[in-house]
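Inspection log for the structure reproduced underneath, given as structure tokens.
Chain lettering (A, B, C and D) follows the sequence in which the chains are written, and residue indices restart at 1 in each chain.
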Amino acid sequence: MALITAEEIFEICRAEMPLVLDLGLEIEEIGEGRCRVRQPYRAAFVRPGGTISGPTMMGLADCAMWIAVMSVVGKAEMAVTASLNINFLKRPKPVALIAECRVLKSGRRLAYGEISLFSEGEEEEGPVAHVTCTYSLPPRGAP
Amino acid sequence: MALITAEEIFEICRAEMPLVLDLGLEIEEIGEGRCRVRQPYRAAFVRPGGTISGPTMMGLADCAMWIAVMSVVGKAEMAVTASLNINFLKRPKPVALIAECRVLKSGRRLAYGEISLFSEGEEEEGPVAHVTCTYSLPPRGAP
Amino acid sequence: MALITAEEIFEICRAEMPLVLDLGLEIEEIGEGRCRVRQPYRAAFVRPGGTISGPTMMGLADCAMWIAVMSVVGKAEMAVTASLNINFLKRPKPVALIAECRVLKSGRRLAYGEISLFSEGEEEEGPVAHVTCTYSLPPRGAP
Amino acid sequence: MALITAEEIFEICRAEMPLVLDLGLEIEEIGEGRCRVRQPYRAAFVRPGGTISGPTMMGLADCAMWIAVMSVVGKAEMAVTASLNINFLKRPKPVALIAECRVLKSGRRLAYGEISLFSEGEEEEGPVAHVTCTYSLPPRGAP
């Protein structure tokens, strides 16, 4: 069972991470070690060629991993990204993006997971990007 | 010699990438296969703990590489990020970020480079993040 | 259906890649865009602490991806690794290693996939390492 | 000043890592946070197309980072690779490989660095591969 709810995550964001709320992210599912997050489409994300910008996709993947980490270790908004590796596989459509995240390891100090990003409605055609990500966890007991 | 000027890059951004202009990026130096780009500090970039968000740093690195690639191959705004790997090394100060980018290889189809990110005024204390990045180049003759 | 058989792969190795045969790799399964490869345990792979060396795991993952790529594009032993990213998740036991590989994208010029490495008999306890890998494909028609 | 000598490193290898000695690696230089390591050419490293195999290059880079880490933190043969990212930039010649390694951060728990690999005698033509690597450090006081 997830150790945090979508509502608790949004409370953290309201208090401390206005940028996430500004992006309009929606948590469609959350379970232990996994989540599905939706990034609505916005014209501002677009780059030459009509595709969604890389930083938009990286930000979504990073945020999905942050949520999935908290689903395993509980409220730990001080967890920080240690590394992130993204591979862009095909041009996303100008529609919403879906991030499917799965934690592959959660240790005492580090959590590691993978995130597949899809154009909404085209999940069967394969991911538009694939990300692996390591988070550094705060010492237990710390906020 | 760089095959594109800072002014030509801003013209591309004005016409096609308003997001870059919105971030307020400044090109401090540009040479063949290298550039130095400055991201002014903004409160909106901050995440819990008072540090600059990961996506902000990824976006800056990605943009610096895009500029450095064009310094080698000329106007090629259709070049797209194929992959990006970022390692966060220490907590950036709440000040401007500096990206130093260097192209390590520019081939027919791919360009690869590295980017070190520094807190402005603290370059001697080492990078706050280190990035490697591959760009996929459009066929020559294409825009 | 896989476009190459395990036997055809071993023929290529016999003719041109003695190093692979020396490692004693076994192809346990091969399907279109996926394979399962077994690396028998050898004392020479061990490093201080009794664990299997990183290069041994990287070599296995790289080889599994090479096989999975050929399952999609056919005989293409000239396909070469463009990049490989490995994360070591826990100490492997001194037993055989299993690589499960899945191609996530196979394009005209590049193929990208992921590989999970397990200690044999402990697949349920999660991977000991996770790898993502890009192969550069030879032009079609080339050997 | 390096906190370990080349001779001390070879003693560790003789006692515990025969694989490294088998490869015939030579430490050409070692300083604080950097080293230059040479991998003599061997026919067994070759793969189809006459080029040196990826795993050979990964193993050399990993070993160079292990040495550079010990140059900063002292004898710490239990330091283990946490992640490694390699980009292959051009086909190496069938000659010796040179690894130039530089530690970019050495913290309490992790060390991060970069390694450029060159074909010996062709350093001016740029690296044949570029690697970034994170090592997990044993608690201080531990062997």
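Here, contacts are C-beta pairs under 8 Å (C-beta built on N, C-alpha and C of every residue); 3 or more make two chains touch, one makes a residue touch a chain.
This structure is a prediction, so every number in the text was calculated from the model and none was measured.
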With centres defined by CA atoms only, which chain is the most remote from chain C? B
Have a look at A-C versus B-C and report the one with more C-beta pairs in contact. A-C
Roughly how far is chain B from chain C, centre to centre by C-alpha average, rounded to an integer in Å? 34
The distance between the C-alpha centres of chain A and chain C, rounded to whole Å, is 28
At which residue positions does chain C touch at least two other chains? 82-83, 85, 87, 134
For the complex, give me every residue of chain A touching chain B. 12, 16-19, 22, 44-49, 51, 53-55, 58-59, 62-63, 77-78, 80-88, 91
Would you mind writing out the residues of chain D in touch with chain B in their complex? 85, 87, 89-90, 104-105, 107, 112, 114, 116, 126-127, 130, 132, 134
State the interface residues of chain B toward chain C in the complex, per the touch definition above. 82-83, 85, 109-110, 134
